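Next up, some structures in structure tokens.
Each of the next two complexes has subunit A plus one other chain: subunit B in the first, subunit C in the second.
Here is the complex of A and B:
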């Protein structure tokens, strides 16, 4: 299923991105005050929106993992967080590039949207840090799920906390001309496709990694039935077993 | 319900007794607070008007970092002394364990606050001891304790727990820091704090609820 989806995306994504580039730079008209500068909007908003989709996937998968304890959900949550963080960084970066000529500054410290997005970014960076610092699969999945849920639940609070203290000047909705609207829709769709494309690739990589680990275990099991079981039970490193003279590879290894 | 309260009280008393005998965390966080207050006072050398504008932010940043010192110890010492297994095996509702530990951390932070407020008042020359400051301070520290206790339990299970806790805790402490800072600043300039306190209350409610529901998953082994 994953592979078929991946293949379909392989075919669709590149043309979709190309079409959005053409539309954004050639088809959509100049904006009244910002002229061509506003065109980054066609990529800035979809990138930020895709990252939010990623974080929502982390939230849902974290809940599903804690309920069902299926490894697949943890895998998906981890992949979505990674891709979401990258898209979030891209979205923030493009927003800053846009803000410099339009607002005259890269960053407005009190702005609700900027701060919320920045905090969101930090939450998921810390989520990835937690994942990186725990080796045990089950424990990593469980604790990461806790952060995945708690962090996402905190987002509205982040928003309102900034709202109550400061007043934002980030535009929420722009009045769009029909041609701009069409371009925006296409760009949004292709960015979401691109996001899914990377996400699916990431999931496939994890699946392949799990498959390799399983094959390696099976092979060791075949080669040394008794020791392999002992190794799994004791959780000892494979290398130490190989160093032991009576466990050195013999002709029993199946070809 | 009374049974639940009794369990919570037992855990809080255990932590209080431990702290009363060793005083490790308390001394560390209060001295840290004093040091930071002194450093700010010297490094910034503020005019009275500027001091009033920045003191709330300095206060809450200091409280957040001092809080991390205590929060880090909260579950790390349970895990070091092997008492975490005792808590795990205790035939009680796991959420009671969380509430107990959270109250313990909250008390510790209150003591830090009791040092921080006079220190900042004296060193920065801003009246942070006015009664209007306290509601925001109490609600803010409750929010810190609610999220911090969960993350303390979480990071105690990780290899790099000392660096992990601030990284996990601070992003979600930002709303508390911002709102509490805002409320304190509003108080100093006699603006209504009702909205800020409302957001703080909502934040506390959400953090406590989410943490109570999720705490059980940090204890599994």
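Here is the complex of A and C:
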């Protein structure tokens, strides 16, 4: 199913992005005050929105993992967090490049929206760091799920920061001219497709990694039944006992 | 659109617009490229392991 979805997205994504670029640069009119530079908005906002979708997937999968303890949910949460962080970084970068010519500075330290977005980005970077630092699958999944659930609190804070508090310069989307609106909707759809395309690729990578780990365990159990079982039970990292690519056992494994 | 205080100077915004879109595509495609590399490395590992597993089964 993942493979089929990946193939369908391979066909759809490139034309969708091309159409978005054409609309953003050739179809949408200039904005009265900001002229052409506002066109950054057509990719900046969808990139940020896609990262929110990624963080929402982390949130849902973390809850599902804690309820069911199925590794698949943890795998999906890890993949969504990584892709979400990439899109969030791109959104922040594009926003900074939009701010410089419009506000005269790349960053306004007192702006609530900018600061909460930076904090949200750092929360998910730390989530990925935590995942990378724990070897044991079960422990990593459990701790990451807890951070994935609490970290999501940052998303509504970022979203409502400009709508409720309104401290700083960041704009709130009020009304767009019909051509701008159409362009924005197309860009948003393409960006979500692009996000899904990358997420599916990332999930496929995780599935392949799980398959490699499983096959290494099978091979080890087949070659050294008693020792391998004892080591698996003890929670040792069995994979490290092999010297890739010839798969010859190291001196640690008794022959 | 409510855009706060604007200090826009005509003709100075085009480099920012260009760099912003370049940044987007550079970052995303670098990430996709790294995913592809990781995937091909894992595919190689998988093929190797499958072969080793088959040989081990045949030997027994």
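Of note:
The rule we apply is simple: the second predicted complex is superposed on the first by the 212 of 255 C-alpha atoms of A that agree within 3 Å, B and C clash if a C-alpha of one lies under 4 Å from a C-alpha of the other, contacts with A are read in each partner's own complex, and residues count from 1 in each chain.
Assume a contact is a pair of C-beta atoms (placed from the backbone, for glycine too) under 8 Å apart; a residue touches a chain by one contact, two chains touch by 3 or more.
All of these numbers come straight from a predicted model, not from anything done at the bench.
If you count the residues of subunit A touched by subunit B and by subunit C, you find the higher number for C. When the shared chain is aligned, subunit B comes close enough to touch A:147, but subunit C does not. Contacts of A:176 after superposition on the shared chain: subunit C is touched, whereas subunit B is not.
Once the two complexes are overlaid on the shared chain, A:135 sits against subunit B while remaining clear of subunit C.
By the document's definition of touching, neither partner reaches A:114: not subunit B, not subunit C. Applying the stated contact rule after C-alpha superposition, one finds that A:202 touches subunit C and leaves subunit B untouched.
Residues common to the contacts of subunit A with subunit B and with subunit C across the two structures: none.
Every residue of subunit A that touches subunit B in the complex is listed here, in rising order: 66, 119, 122-123, 125-126, 129-130, 133-135, 139, 142-143, 145-147, 149-151, 153-154, 157-158, 160-162, 164-165. On subunit B, the positions that touch subunit A within their shared complex are 147, 150, 154-155, 157-160, 164, 167-168, 170-172, 174-176, 178-179, 181-182, 195-196, 198-199, 202-203, 206-207, 210-211, 214, 217-218, 220.
Residues 1-10, 12-14, 16-17, 19-21, 23-24, 27-28, 31-32, 35-36, 38-39, 42-46, 48-50, 52-53, 56-57, 60 of subunit C touch subunit A in their complex. If you check the complex, the residues on subunit A that touch subunit C are 31, 33-40, 43-44, 47, 86, 89-90, 93-94, 97-98, 100-104, 168-176, 194, 198, 201-202, 204-205, 208-209, 211-212, 215-216, 218-219, 222-223, 244-245, 247.
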